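Take a look at the structures below.
In what follows, chain A forms one complex with chain B and a second complex with chain C.
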Partner chain A sequence: MILAIFGSATPLILAALGGLLTERAGILNIALEGMILGSAFAAVIVGGMTGSLALAVLAAIGAGVLAALLFNLGTFTLKGNPFITGLGINVLVPALTVSISQSLYGNQGIIRPDGLSGISRIGGMDIFIPLALLLAVLLQIIFFRTRKGLIIRSCGEQEDLLRARGINPVSIKKEMVIYSGLFSGLAGAALSLGLGVYVPGMSAGKGWIALVAIYLGYRKVPGVVAACLLFSLAEWGANRAQGFLGVPPTLILSFPYFMTMAALWLFSVKKRKKVDCSGGFRVN
Partner chain B sequence: MKKFRIPAALPVLALCLGVSALIIFLFSSAPGETLYYFFPAVLSNRLYTGEMLNTMVLLSLTGLGIVLSFRAGSFNLGGEGQVYTGAICAVLAARLLPDLPGALGIPVLLAAGVLGGALLAFISGILKALWNVDDLISTFLLSSGVSKVIDYLISGPLSDPDSYLMTTVPLPEKYRLASLMIPSPFNISFILPLLLLPLFHWFLNHTRQGYELQITGSSSSFARHSGLNTGIYQTLPLTVSGALHGLAGALVLTGTYFAGIQGLTSGLGWNGIAVALIAGNKVPGLLPAALFFAWITQGSRIAVLHSDLSLELGAIIQGVLFLLISSAVLRIKIRRGR
Partner chain C sequence: MSDNSKIVLELKNVTQIFAESGVRACHDISMQVQGSEILAVMGENGAGKSTLMFLISGFMEPGRGEILCRGGKNPADLRALVGMVHQKPLLAGDLSVLENIILGPEKGLFRKDVLKEEIAAVQERYNLPLDLHLKAKQLTAPQIQRCELIRALWKNKELLILDEPTASLSTTQSEELFELLLRLKGEGKTVIFISHKIHEVMKVADRIAVIRRGELQGIDAKGNLSPREISRLMIGEDTLPGEEPAAEKRGEIDRTGVPVLELSNLGYSETGTRRLDSINLSLYPGEILGMGGIRENGLTHVEDILCGLEQPDTGFILLNGKNRMPLTPLKLRRSGISYIPADRLKRGAAPESTLAENLSVLKRQAGFGSYRKRLFSWAGQFISDHAIKGEAKQKVKTLSGGNIQKMIVARELENNPPLLIVSEPSWGLDFKSRDRLHSQLVQAREEGIAILLLTTDLDELLSLSDRICVLTEGRLTEIERTEEQWNRYYIGEKMTGADRA
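Let's look at the complex of A and B:
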């Protein structure tokens, strides 16, 4: 049971850590969802062709970084609204994966290459689980024990300070978006390789839930990881409820959104009590 | 005398069309023919033109909803769910009140849709006003959750036992909006944007409340310190935005599909955002923006139907449009004060 929860939390944790990087640098990364889906797709395609775990993961990271580069192009090079460009990626990626899958396999549905299931399992455990936890620890160290972490954090809080010290905040943000693409790539790989199959729309709101986990976790690494675990626990419970309460499976699909909503609300109520309306975050 | 100004979004639109043409050239074996289907073929018969005009009507309504919430400083990302809710509320109204005469029944159905959409958005608005819950995330989450519930309702409790498809019982003939361009779904609802757009334009620019709404939108702390009731302006515009989306949903039901089918929103919510952005967040720009968007959506649909293009051309073009549309670099600078 614990392994099952950790397993389903792993893509969330990886994506949320990536989102945390950009969030700390002052960019709300809406594109997580599209990045995860694109890399899940790339991982299964390349994994199915080569049968190699390493190549599949590399392809997933490549896809995530590619989406991140597109995000950077729209947001920084062309000076667009990060929110809208992110939305563009979320619309573009599913359409592209469908087109590519159609031209490669002649169908637009589920892709299940042979010999892919369990490819990421080594010694009975998904290797992405320890990887996600390791990266979480690493990120915590980088954020609070290194100069780079200080720069990232001040990029989100005091841009002028960075500029005064001769560091360009835009290039820091661009870099963080690329890293979030890398993390989302790992998340996508964990998602699809763990099951050995690609299903259209398999990211199923994970990118959004990752974003909410960031706020629920007070934008701190341990909190974010805990929030991701909480969601997975709730999801696991909902799936169980399907078994003995007879809740229809289509209805279960709505639970993560409502639970996230409830969590967001409770979080805001609590925050409101602590600091009196000093203004939340805002994308514009 | 007012000079004609080139719309600021023009380069983006041109670029977007360029990208579409490029995609067609790359993926199609007969690019010339596909390009014909993509662009001029929309006007080639009554069905295509009527469908395009119908989409334009619906998009201008959802676009208006987005503009209104943007101006008040809110983000309404729940358009999809609000449109869907509007449609399902109209389905429920038709089910509960099967005996009304058509002339009364259709307005009742539309009102039910408006109420449903408004209620969904109102929740986000009140949460923002009371606890500062971020509307951008809450509208999206509520809408996604509710959409799944509606999917369930359509496939389960409300499904038509006589049909093998995932659909509700079709509306009785008297509750349907008659087509003005048979066989297309284009109908009398085109009057609604013609009434509502000028109304909201007047409200935003020529009334005290409209002015206060925009102040709240551009700086809520300034508005609060000026003694405005910001809570109202954080809740009501979002609610009205949801109402407009709900209206569009009820119109889709009574004018286009006549039954609640899964996924009937077909991107009306998201595309409303694109339309609002193309229009530069201004009400007068909404009709041409909706026309442009309806045209490329319809064009890509026809192109995929008639040619060897198997890909999701429409969605790809839409994605590219979103990537480019908010760009400040690609915008024509409008000189001020001359």
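Let's look at the complex of A and C:
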């Protein structure tokens, strides 16, 4: 059970960590959802063609970074609204995967190449599980023990401070978006290679839930990981409950999403209570 | 002491114009900064001091001209040379003091314990106690300043810039800071500090530079400048043409009745610093009470409190003899009081809306048919009646500054308010519109409107006011209508604090 929960939490954790990087740098990466889906697709396509785990993961990362570059182009180079750019990517990717799969496999549905099932399992455990936890620890170290971490954390708060210290905040943001593309790439790979299958729309809102997890976890690495595990627990519970509860299964399956909403609401209530001390500099 | 080999920094014809607003913050400034000296930069608010310091610290690059340090003009060199203590807090609130101090373009891991020891040693040496583990957002204004000072000393910067360091300090804290600055000078460091308080400058500075409207008025050793001269350089000598001695034509004002506006013992503090200290005044119908001062010396706070946006810590505001605390903008408007703010585009008008929409508060457009049509035809009439150059359908932001002000003044005077609060009415206006505006204000006074005029413009203050009071460091002083006091020099010295130097 624990392994199952961790397994389903892994893509979520990876995506949320990537989102956390951009969020801390002061730009919310709305495009996580599209990045995950694109990478999941790329991982299965390349994995199916080559049968190699490493190449499949690389392809997934490549797809994620490509989407991140697109995000940077729209947001920074062309100075568009980051929300619109992100939404654009989220709409573009599912459409793109459908047309590519049509031209490669002649269908628009599930892609199940041979020999891909269980490719990421080594010794009975999905390698993405330890990878995600390792990256979480690494990120915590980067945030609080390196100079880069200081730069990232202050970028989301006081861009002028960075300018005064001779650092360009925009290039930091661009860099973080690319890293979040990389993390989302891993998330997509974990999602599709774990099953050995690509299903259209298989990201199923994971990118959005990852965004919620960032806020729910108070923008801190341990909190974000815990929030992701909580969602996976809810998902696991909902899957199990289908069997024995007399409630329509679609309603049960939407439980994690309801929980997301409730959590977000509770968070905003809590935040409103302590808004006095969080609002900038203290005035006495 | 002006030995050429000791020049730390040289400015050559530096000009900075902000592209968005077209404001000329610095114009053709050339000066040299020498090693181990304390240079005071003085000037009114908005004179361009802060912009100049941003240019020197490498935060901005000058539009024209160059800043040379060690023979080069690379912004990175400037940043390595200059440590700046900003006027507005420039720290990341969620980072600790330590993290804010060590933040920089360097790469790699850092050893927290080693750096902490280094910084603690600097703190010990210069006696600057501050808990390094506090989050920056928990700091008070003097602590924020101390944090930036520690960083500059830890980084061993040769040139320190302090932007209005004493604005948020108490007298003893200021004394301590000046002692530290003198000590740093003794150690061979150079200090530039910005101030508009002449008495402090006379105490610590070696040389004084005065900037007015973006232009360098003069730079000289302290011994060659008297407080009086500095004050004149700061406020300027020019007298405007076509000045009408409007106030003197008046007879006695009846001050026996109930005052329209009464402030009683008003006090206000901000981040632990006293901004306004027991302000008392009363304003009667048919008079213009001018309040002069430097904006940071409390004039902005008086404006904010009177328009209901800020609440005073102590004291009361009485309108027509009734206590109206807490005063809110809504209450003010309900009482029919008009307000012409200094910040026209943010407070005085909605720049994205049309002229007609900005005027729509004046009249309820009742009747049948299209509301829009009625509003626009009425507004078109109003606009041509008041000689505003614009169309009813035009967005306010596309108008010139003078026309926006014309619109605001016409709107605020239209309904014959009992009280008019005016702040900096002639900022950025040309002579003609300025004259027109002044005669509008005088006419309003003739009609029995009580006017409170907040202004930094001495000529305006003298020519319009029936009574004048001056705000200096939060305290109000009334100017007597005598030969000795009722002139721009006396008031200017009061305003800048030169009389106490």
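Note that in this section the second predicted complex is superposed on the first by the 271 of 284 C-alpha atoms of A that agree within 3 Å, B and C clash if a C-alpha of one lies under 4 Å from a C-alpha of the other, contacts with A are read in each partner's own complex, and residues count from 1 in each chain.
In this section, a contact is a pair of C-beta atoms (placed from the backbone, for glycine too) under 8 Å apart; a residue touches a chain by one contact, two chains touch by 3 or more.
Quick caveat, the model's predicted, so the values are computed rather than measured.
Asks: A:E157 in the overlay: touching chain B, chain C, both, or neither? Say first, second, both or neither.
Replies: So A:E157 only meets chain C here.
Asks: Kindly classify A:L216 by the partners it touches after superposition: chain B alone (first), chain C alone (second), both, or neither?
Replies: Neither partner.
Asks: Which holds for A:L251: it touches chain B only (first), chain C only (second), both, or neither?
Replies: In the superposition, A:L251 contacts chain B only.
Asks: Can A:A59 be said to touch chain B (first), chain C (second), both, or neither?
Replies: neither
Asks: So, does A:L96 touch the first partner chain B, the second partner chain C, both, or neither?
Replies: first
Asks: Which partner chains sit in contact with A:G74 here, chain B, chain C, both or neither? Use first/second/both/neither.
Replies: first
Asks: Would you sort A:T260 into first (chain B), second (chain C), both or neither based on which partner it touches?
Replies: Only chain B; A:T260 stays clear of chain C.
Asks: Between chain B and chain C, pick out the one touching the greater number of residues of chain A.
Replies: Partner touching more chain A residues in the overlay: B.
Asks: Pick out the shared contact residues on chain A: the ones touching chain B in one complex and chain C in the other.
Replies: The overlap between the chain B and chain C interfaces on chain A comprises residues 277, 280-281, 283.
Asks: Name, in rising order, each residue of chain A that touches chain B in their complex.
Replies: Chain A residues touching chain B: 70, 73-74, 77-81, 83-85, 87-89, 91-96, 98-99, 102-103, 205, 208, 211-212, 215, 248, 250-251, 253-255, 257-258, 260-261, 264-265, 268-269, 271-272, 277, 279-281, 283.
Asks: Where on chain B does chain A make contact in their complex?
Replies: 27, 75, 127, 131-134, 136-138, 140-142, 144-149, 151-152, 155-156, 221, 270, 273, 277, 310-312, 315-316, 318-330
Asks: Which residues of chain A touch chain C in their complex?
Replies: Within the complex, chain A touches chain C at residues 145-148, 150-151, 153-154, 157-158, 160-167, 277-278, 280-284.
Asks: Contact residues on chain C for chain A in the complex?
Replies: 57-59, 75-76, 79, 84, 86, 89-95, 99-100, 102-110, 112, 136-140, 144, 270-272
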